[in-house]
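The next block holds one structure in the form of structure tokens; read it before the comments.
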């Protein structure tokens, strides 16, 4: 670490080492991992920024999205440090590889808050998340329960996320933890390259020819691939079995309203994003916030997501204000909305 | 044998210059070509003959100078403009598309029935043209890449006859041709002259020049080095103008052969 | 019949053959010489079909082949545009982004803004054309390599796609809209499919016959009646079999017919119009084309516009097939697959060589591999490896068939 | 001095210039003629640096430029290999996968199997060489287009990478290992950096002087003393400034020095050896090269091996810089960036034109854009759009500078 | 004037045939070239001359037939093999790399000091060679793409002299050359003969053939059509053998000119 002793750039560095109290005009980095899910740009970022603005009107948030590339995330972190940020909130592309970023930042006395995904190898200063593995487990479990209730016969298809995405790996693990002991046969599973819905559609189409009516349900790791799976059934002209999702995208909500998709999962992004802004602000002021629990040797706060189905969609997504009925209940979805009482 | 009096010129150049990087390829060239006249341009290798041709056919713009065509001062910015004016050119490097076959090359840019190509008409016409030049091409449906050097040159010459040009420029048209094909091309040049076209022919072959040209313009190192009337000049004089000396490799060789030196 | 030689058969070095025998001998001769057109690709295709069928007996089932045809259409149409740019020796790396953007524009206009579907489609297609026109301007004016222009486009239009989708992220197209139906559920009725097959065969025969007549009248060698008949009957048999086999399940999709129709139109444009000649000429030797008076810039413009337009059309169909437009539409391997389809179909990356049918065959190769291996349910690591190997296999077969070309002096 | 003409200056059409004045006149003349080597790229670079600096004043800060140099090294080395394949008119699409695989192999051998680091590096590099050799065999034997071979490689080695990483998915390299230090923390001490700068300047002067002497002795025109001096002093000034400015923070990283060293070696190999001549000849006209007795297959083999080897080395450095190898290493835009760096640096996709320095400049352009826009804190959608536009801007500047080339008859 | 008795041959061909697709380019060719002898090969366009040259220089393999070189029966699978045997060739299409400059092209494949190229030595030698052929090339440091047709041909000829060949094959070496350069090349051919090399020269120029060749082999439509001793045959006879008829375009043209018909 001796080589990096003099880091920090021209102006920002001198004040950053001083630390104490004044966080005015400070910068904080908010580094998100990918564009495969819309949530980072549409939810996490604006919510975090809004909360930050409220806590510290003169502070700036440096937002970056690494587009699923760990090396790019490293570059983004480095450039944030060159700009003299006082804290980094990072949702790592690769939990293992992010250790470098944590190391580099900590060597410059910049605190790092792991967001959404942990950095197990090198403890960050704080960890705030819901648990991806748990998410996988919850969507799958909800589907399994539903199938059991309906006395469905047959097996399950599993559409995982990108084979080169660490988060997808966690979700996959979670899904298996629910399906493997469920008694339903896992007909086949597929890692969708780049989370592409088209790929998921192609694969599911093939499985429909292969397994015909044995397919009782499909566990898809996010809403995009879930949508691809549904389109495959529609295109094959067969009945759509229950299909899961994850991320609670608007399009998924509409499909749930229309009865095409069985579930998705809504993460309390607002709560998490605001909590992380809180924690980051404390760090920027030079405080050391304490965690609710400790995970991976890191003071942590974990939040629990909610599975959304037709039964609870109104209350979880619409009444809570996460989504607006006016956006979702357009055209063909108006009827479904009316039935579910969404206004 | 042929009219040498200066007819009013179809094409005349004044003060044409062209530089490539550090090399002055053409300096202050003057030239007049009349309808119904064959003008030969001769000169050593690299004298600038092909550069001049390229300027006339719109391939390169000149750096300076004016071109007058049918008494109007014109610009020839592109080869398409030259075509439109009625200037057809056979380039020294032939400029054929090797991936296209003979018919496709012949009619390139002037296809019969643009929206539904008339292959039969084009093939028939191709055979006519090629026969006329006594080309020895076994099939016109092979890509030009598969033709011999002389066969390609014949294709390039045949192509220049297709439109209805007023001036035809031939840059070393017989370089790769066999004796029979050369004779046909010379016949052709004479026919073109009879039809009132202006013909510019570049050649290193003094016999051919003497045979068909009316006037000979000599270029030397990118400059005019005299315009001669073919009837009034001997081969030796032309060669002297080309090489810039009366004592040159050609005359030495001839002298040696006459003296019958051993080999 | 062989006694008087036609104009184009008089050279005594030609191994003189006419009639049916001659035609067969010709094909064999050309096979020996490596000048086989699309035959090597077909051979490659047969090899990988056999392999995949052995690995999973469902592969050649009617249902799966129907899927295959439908999945080929969108990227196939994009590949058709790529063939055109490759023919002039240029490249377009942005077809993926443009297709994604086009899907997004369609969805936003149609679903979010409630425009009629035809207007939304038109807008997306026009946008594609405009993008191609901009590329062409940059290329013609500044001489920037098309690789870099379109790479800039790849990034910029990906950004625009995200921007257009904006806060929605992913937009569903209604399942009951005509567009989605077209891409998913509309199939040509069996009787009409057979009609198409018959019409194609008759058309092949008639046009061949008239052409032969014309050639004979002009004193040129021509295919004789039996060759023409055999050709047409063979075509009829193949098409009828395809229609029959696909008809076992759902039949021939309209979207696939649309793709085949575009292939036929492009084939005509490239082989039978002045524009097509100009495209090949520019690709073969741009300076020669320019000297022949061809407006080279116009050719480049037409080709870039065509390519982006096809990309936009492909994007619309992809969105229709998925019944959604989202941020990852057009990302991933759309670019690579479209270019690879063109190259596998025999289009040269250096320009001047390739056909529209090549795009059709190429995309079928690519989609067969992808569909065949998707069916195998392998680990993704293994799947990637096997995909690479099978792709290589298909192309090695093709290349071996072509190989003798160079040794026979045709590079 | 100008009175007696040297052997190579005797043609009277040459605008005769010698000495310093002549050298300047020559440069101007070449600028007018569009024959500027890398100058247009440098101009493009200056333009985008100015733009980015205006947009965010941190961009040209020493700390950021140090990051920039370090981030350029891995992909820059890959681009160096790409320059070689492009020079012979071929392409390698698999450098991303090969670099990812190489990182994975390194990590597995070094971390999981506990091999010494040098052995793990050696194994990864050899694997790269073997991959290139296999490509070359397929290319030479079967004549499969390199586009398709390497696309198959892209898939197969991505699969192999996933397979090698196995269930671990991602493997950390220990922070205190020499390799990680080399990529992250090792900087050239200031005195040594200045030494390097001085050595480079002296070497430039000495070699130029000796060469000029030799030419004069042989009766050829030569650069005169003042030109040589000015050149060397200018180089010294530039290098010393770079060293000084980067030294404001961390200085010049050893990894960057390693990259520059490879560039110099490749520059020497390409411009001053028989092999380099053969590479350019094969790229310019492969048939002419063959007829000149060059072993064309050996040249292709060398080039493919070199490219894959560089890809492997780049992959090792990328892993070292990230201190981890994971499934997405080498994925994403590594391929596109490496090829774009080569193309932006003036390498032709059609072969026969390009330099090793082009790869250096090209990657700096690419990384500047990427780093500059990272600093700007934009939405992804806007960032993509701006990236595309800035990239285009850089290259349009370059192309306008080159443009006069065609109008002066050099295509 | 020159020795016409059959020396024992360096190179002899028996039964060489070559087919391209449907075209039989060469059928059953026989040929013998002796050291210290200049053999001219003449023939119409597409007669197969260049194909024969390509077979001898390892560019194409023959379909059948045998090649004997210095009394050993050999295969020439690649151009490199031909170089190794000592067969140097100037191809009709020159086979130069347009992106390389003159020096680089001249020394391609036989650079001085492979691991640290000696530019100075190569440039000096280049100027020597080019001067010797009286080439008019302003600078040897420009890419060959910037040279004129004749300049390129001179470069190609100069290249063939670089190694230490035993047989030199010149495929229409003077086609694009100016009069002075042509004379130099003919001088060169005579010097090569004196140095005991076997020379095969292809030309359409009967005057050149008569001037330097010892024997003339005529090809017609891919077949042998006679081998003549230059001393004992007239131009008319050779032309008759080439065209396959005594009444041909050439003789007609000559007759017409003699009769002085109006053009």
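Letters A, B, C, D and E mark the chains in the order given here, with residues in each chain numbered from 1 onward.
Just so we're on the same page, a residue touches a chain if its C-beta (ideal position, glycine included) is under 8 Å from a C-beta of that chain, and two chains touch if they have at least 3 such contacts.
Chain identities (UniProt): B, E = ATP-binding cassette domain-containing protein; C, D = Xylose transport system permease protein XylH.
Everything numeric in this text was worked out from a predicted model, so none of it was measured.
I need the common contact partners of subunit A and subunit E, sorted by label.
Touching subunit A and subunit E alike, sorted by label: C, D.
Any chains in contact with both subunit B and subunit E?
C, D
Report which of A-C and B-D is connected by more C-beta pairs in contact.
A-C
List the centre-to-centre spacing of subunit C and subunit D in whole Å, with centres computed as mean CA coordinates.
36
Using CA atom averages as chain centres, what separation in Å is found between subunit B and subunit C?
Inter-chain centre distance comes to 43 Å.
Rounded to a whole Å, what is the gap between the Cα centroids of subunit A and subunit B?
Taking the mean C-alpha position of each chain, the two centres sit 73 Å apart.
In subunit B, what residues contact two or more other chains?
20-23, 136-139, 146, 221
Which residues does subunit C have that touch at least 2 chains other than itself?
11, 13-14, 162, 287, 379-381, 409, 411
For subunit A, give me the residues that contact two or more of the other chains.
Correct list: 35, 41, 163.
Among the chains present, which pairs are found to touch?
Inter-chain contacts occur between A-C, A-D, B-C, B-D, B-E, C-D, C-E, D-E.
Along subunit B, where are the residues that touch subunit E in the complex?
Going through subunit B, the ones touching subunit E are 1-2, 20-23, 43-47, 49-51, 92-93, 134-139, 142, 146-151, 154, 172, 175-184, 186-187, 190, 193-194, 204-207, 211, 221, 239, 242-243, 248-250, 252-253, 257, 260, 263.
Residues of subunit D touching subunit A in their complex?
Listed in rising order, the residues of subunit D that touch subunit A are 58, 61-64, 67, 71, 74, 162, 169-172, 175, 184-187, 249-250, 318, 321-324, 326-329, 331-333, 370-371, 374-375, 377, 379-381, 383.
Spell out the part of subunit B that touches subunit D in their complex, as residue ranges.
Residues 20-25, 60-61, 221-222 of subunit B touch subunit D in their complex.
Within their complex, state which residues of subunit A touch subunit D.
1-4, 6-10, 35, 41, 60-65, 67-72, 74-76, 78-79, 82-83, 93-97, 99-100, 103-104, 121, 163-166, 169
Enumerate the contact residues on subunit B facing subunit C in the complex.
Residues in contact with subunit C: 57, 59, 78-80, 82-84, 89, 91, 95-100, 104, 107-111, 114-117, 119-121, 123-124, 127, 136-141, 143, 145-146, 159.
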